[in-house]
Amino acid sequence: MLAIRPRLASRLAAWVALSPALAVLVVVYIGCTTWTIWISMTASRMLPSSNFVGLRQYEALFANERWTVSVSNLVIFGTMFMIASLALGFLLAVAIDQRVRAENLLRSIFLYPFSMSFVVTGLVWQWVLNPTFGIERIGKNLGFADFKFDWIVRQDMVIYCLVFAAVWHAAGLVMAIMLAGLRGIDEDIWKAARVDGLPTWRVYVSIVVPMMGASFATASVLMATSVVRLYDLSVAMTNGGPGIASEVPAKFVMDHLFERQNIGLATAAATSMLITVAAVVGPFLYWQSRRRAAAGAH
Amino acid sequence: MKHTASVVALALGLGWAGTAFAQDKAEVIHWWTSGGESAAVKVFADMYTKGGGTWVDTAIAGGANARTAAINRTVAGTPPTMMQFNTGKQFDELVENNLLNDVDAVAAEMKWKDKIPGPILAATTRNGKMFAVPVNIHGQNWLFFNTEVLKKLGAEEPKTFDDLLVVLEKAKAAGLIPLAFSGQKTWERGLFNTVMVGVGGPKLWMSVYGDKDPKALKSPEFKQVAETFAKLRNYVDAGAPGRNWNDATALVIQGKAAGQIMGDWAKGEFIAANQTAGKEYGCVVLSKAGGGYLMGGDVFAFPKTKDAAQQKQQIVLAKMLLDPATQVEFNKKKGSIPVRTDVDTSSMDICAQKGAKMAADPAQQAPAMELLTAPAVTGAVEDVISSYWNTPAQTVDQFADKFAAALKTL
Amino acid sequence: MSAAMTQASSQAMSHAATDKRCDVSVKDVEISFGRHVVLEKLSLDIAQSEFIVLLGPSGCGKSTLLNAISGLLDVNAGQIWIGGRNVTWEEPKDRGIAMVFQSYALYPRMSVRENMSFGLRVAGMPANEIQKRVADAATMLKITELLDRKPSQLSGGQRQRVAIGRALVRDAGVYLFDEPLSNLDAQLRAELRVEIKRLHQRLRATMIYVTHDQIEALTLADRIAVMKDRVIQQLDTPQKIYREPVNRFVASFVGSPAMNFMPGRVERGATGATFSLGDLSIPIQGYPFKSPGLTGAAVLGIRPEHVLSGAEAGPNAFNAQVEMAEPMGADTLVWCRTPSGASFSVRVDSGPSIAPGDTLPVSFPVGTLSLFEEGPDGRRL
Amino acid sequence: MVAMVEPTGPRPRPLTPARIGLYAFLFISALFFLVPLYVMIVTSLKTMPEIRLGNLLALPSAPSIEAWVKAWSSACTGLTCNGISVGFFNSVKILVPSVIVSIAVGSLTGYALSFWRVPVAGILFGALMTVAFVPYQIFIYPLVRIFASAGISNSLPAIVIIHTIFGLPTMTLLFRNYFASLPIELFKAARVDGAGFFRIFWSVMLPMATPMLIVAVILQVTGIWNDFILGLVFAGRENLPMTVQLNNIVNSTQGERTYNVDMAATLLTALVPLVVYFASGRWFVRGIAAGAVKG
């Protein structure tokens, strides 16, 4: 039998403190999600209607070329962006951790892009990558007549331009997290490795990286959230173009919700995203809570 | 007791003062934010102010942004006095959900229905009642060209797309950018529509966008349209994708490109560069068999409100918008043409006069795409066109099939 | 208590405690985390003013028990009584307890004075009374000059004094200590141990003290509860636990250097009971067997300090082979082997030097040795 | 004869190739990160004819702050031409309460979830984690309806609540992980001292959370300042933030573009978060070290 203590005061206080979060949970997350799922099964256009059409919006969605392109773009972008920003962020952190001069300045330089909005990021990189007056022009001005850098206007390459800009934006944050992780590693480990005569790179690869699991996890989670939410960057940098080559799911939702006044299709897309996220995050959370419970028992 | 009485009196007094203030006030949501556009909207504001009102300006750049804000506020029950839409179907559902006041009474009083071109009038009328006041007509399928460049190439002003292709070929040979293009989805759709009405003619136009007839998409005319459109790919430069339309116009102004296909708002750029229509640059609507001036534009709609004072202001605003003097003044600034066919346009530039003449001629009139298709359909078609333009490997048949599917959007 | 302590403060700090009834009683308490049972039907009665030490290795449940008494952990079943009141469902602050933690748990952003007065301020005590109590406790603990510092500016020993001071000002009837000295170095530990003992003598409050250090337990406790695997193995005075451990676990956990264990047999012969270690036969006549007449396999346990050696070894001595000597200052710990090869240690005065290879006459006097059942957890015979 | 030199004194530290490589890497990286900022600044100081020449990296031939002045005080953002200065104060008006409220709610939730056993804690935390991945745009429309029926749409409270809602997942996560890394004994000591739920939070936990508070403030200031769509939809016309005005200048649908003014306006808008980052970069790393990497 479980004895429940009627410690009313503290219990009540905990509920009071959690009430805003619970209200948000119920009203916003549950309420809005339910509404979204319901609307996705109607033929709503600009305003919600109750004209039930079953799963026809979903049929339309998955037959829609722009949606399938958006989804595959997100996969490519997500993979490349995660790998590149984690790698660059880690390398920068390692480099800065070598007791270099002007550490504070360098850290600020690497970190400042994160303070810029995606809109600004997209706008600036659109300029820099533009073939007529950006990097390509600079290369040509330097005397390389055949210099070509026109990825942003090529359907097959444009998504990598988004990756490029996004890495610029986020690598500093990864660096900060990694640097925090590196600084948290016991000095004695380095002493031991030095006495053992291990080369520095070897220490990083075999000893340091495995110890930085938490840093990598934090950075990965943060990066992953911005991947799924990718919207402003695509809008500001390429507006989904050329053609539909750099469309992304969140933009699909937004465009159909507002510009195109097709909230039925928009909510169907949103629901699909929600289900995908829940299918990935849910099991992960479950696994984590199991692990935590197992660890907490001892 | 004495206290209570004075409090009530005070409250009443304040209430009265509040209404008096509201009486003269009109909040307008629109997306005219650039230099030329603000100058144009200032004409409305000044006229309204002259009539004793206070114009509260809520400008939000980007049509979708402005409409989102306006629609959300209307749904939320705190609407502006007046809100901007593009002429067409954007406000359909507001009418269906009984969220807009009609202006039929004013229209009858002012006899507007005789003075507004048919397609435009139809686009503002639902169930026989006029629900929005159109303020301008934008011709969407103009070709603007640099006269100097054409002269140098030894080319005549083109009348049809066949003529244009010849000119473009010459320009290409001369090492110029033949067609200044801004590779964004909207303008890809704009270019395609220009080709469709110019090559396929108004009949094809109406059966595709008006009747949404799948057979029309399998017709030889449509095939020819798609092929002509595809040919134009050869005449745009590498920097086109993602370019803003005004940057493309700048190429024409500077003589780096021969011409640009764009709506008449591009004139603003020529004017800003001190160029005059008919001198430094020319304008023409390409048409094979004559006819097919694609007319779009802007309208203002009036959300339902219980506030009697606001309703009164809505009528004041409606009358002001279509006042002949306001119309000419506004459209001069905006680069468009008056929506009334009975105003004197002789003070406007050559292109505007050309446009006004076509707009007044039922044989030349054609409704722009957004007058015929709902935004959801417009968007779906836009994706299909954009995908075709950017994927040279796509066949005309594939394109037609996708096009048909897009027209059937739920 | 330190000489610096004033008469007045001594009275102020001690009276209230002795006036209160503050015995503690744990009745059939059960605690589990999910399916993991931590305490099972555990009972413990602690008398007024008693100093009881919960001793055991980590994971034995001693801290859990302390947290349950403090009210920081809800029990699943059973009752907890403090001062004649059933406090099972009371908040910690209402139980009349004060607590000292291993990691000091000083609030980092508060000064020493604020740390010590926090609980009193929460309780809404008048400022002058708080002032007085803090000053008294600070004097008693010799931390008056530290009152305006932040915890980060203190050494480990100073921090723990502050933590004790924070408990003192609560003027509670029951003080709970959760391994309070484990984070300190040996010298400070010894110093504070004495301090705590003096405090107890002065305050006469009930103290419950959790530790895994048997020296702390032996030096401080009125009674020690030795715990293992969620169960109290033995609850007794330090003397009793040292002399008569109830099983091999208690025997090995308490006492340093550790007790020697040598497996052999209990036999009955003409000369009475003997314990045979290979060829060696050790007389154990007079050993207080729990079940008289018992014979068979058993383990002999004897503490190094109880082994008689050299001239003291007496008539029952046998010669052991010296393998190694560990000088420990006053004594030397000599590691030897019996003729049959069993290894054991002897504590001898650091007089004449003993070198490996020497022979040392030793004997195991029956009055000090213990006999256990076979196996690592064997019970006392 | 070559005399052997006995090692004595400090060991000579030659500039090894590895060290040169390290600095080269850092230098190139710094360039990569700085180029966009450089382009923005240089462009904002040029005149339009010079920009049309199209040399992105060239220094301005005659630097002029005219574009900055125009962007701040006279660029047209609709009918009025008062630059983005109006929006600046609106943004501040939104920023201050939003940052305070969102951090207050987030830290309190994180605290409640880390020290107190609440039955729904698991579900709540799971939901927050999931929502952290969801594009918030999909909540906008239903929220508009909810706010409308609550009668607080288009107001300062509305936008503050909105920022609190959308900041909740990240803030809760940060604070929960941070509080979870603190020694539980502190919490126990405070409870023995008789402090209740809010007292422990306010007097013990919050003062300890300074590093995390700094991280939270940095993240929220940046996020809220850079927000466009939420401010546009929920703040009401009296409170439209600076980003809306920036958008009016930069993204005019039809009309001539003045890139120098665009860039100046962009930089002016980005100034607040930029200053926050440059001023507190060191604290940011420290704060992350204090909490975010444990978890």
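So that you can tell them apart, the chains are marked A, B, C and D in the order they are listed, and the count of residues begins at 1 in each.
The rule we apply is simple: a contact is a pair of C-beta atoms (placed from the backbone, for glycine too) under 8 Å apart; a residue touches a chain by one contact, two chains touch by 3 or more.
Only a predicted model underlies this, so the values are computations on that prediction, with no experimental measurement involved.
Fewest steps needed to get from chain B to chain D, stepping only to touching chains, is 1.
Of the two interfaces, A-B and C-D, the higher number of touching C-beta pairs belongs to A-B.
When chain centres are set by their Cα atoms, the one at the greatest distance from chain B is C.
Centroids built from CA atoms put chain B at 37 Å from chain A.
For this pair, chain A with chain C, the centres built from the Cα atoms lie 55 Å apart. Once the centre of each chain is set as its mean CA position, chain A and chain D turn out to be 15 Å apart. Multi-chain contact residues of chain A (touching two or more other chains) are listed as 9-10, 132.
Chain B has residues 63, 65, 68, 75 in contact with two or more other chains. Annotation for chain C: residues 91 touch two or more other chains. Interface of chain D with chain A (complex): residues 22-23, 25-26, 29-30, 32-37, 39-40, 43, 54-57, 105, 108-109, 111-113, 116, 118, 120, 122-143, 146, 164-165, 168, 172, 196-198, 201, 222, 226, 228, 243, 247, 250, 266, 269-270, 273-274, 276-278, 281-282, 284-286, 288-289, 292-295. Listed in rising order, the residues of chain D touching chain C in the complex are 183, 185-186, 188-196, 199, 203-204, 207-208.
Across the complex, chain A is touched by residues 63-65, 67-68, 71, 75, 90, 92-94, 97, 183-185, 188, 237-242, 374-376, 378-380, 383-384, 386-387, 389-391, 402, 405, 409-410 of chain B. Per the touch definition, chain D reaches chain B in the complex via residues 52, 76-81, 141, 144-145, 147-148, 153-154, 232-233, 237, 240, 244, 247-257. Those residues of chain A lying in contact with chain B across their complex are 43, 45-47, 53, 56-57, 60, 63-66, 126, 130-132, 150, 152-153, 155, 238-245, 255-256, 258-262, 264-265.
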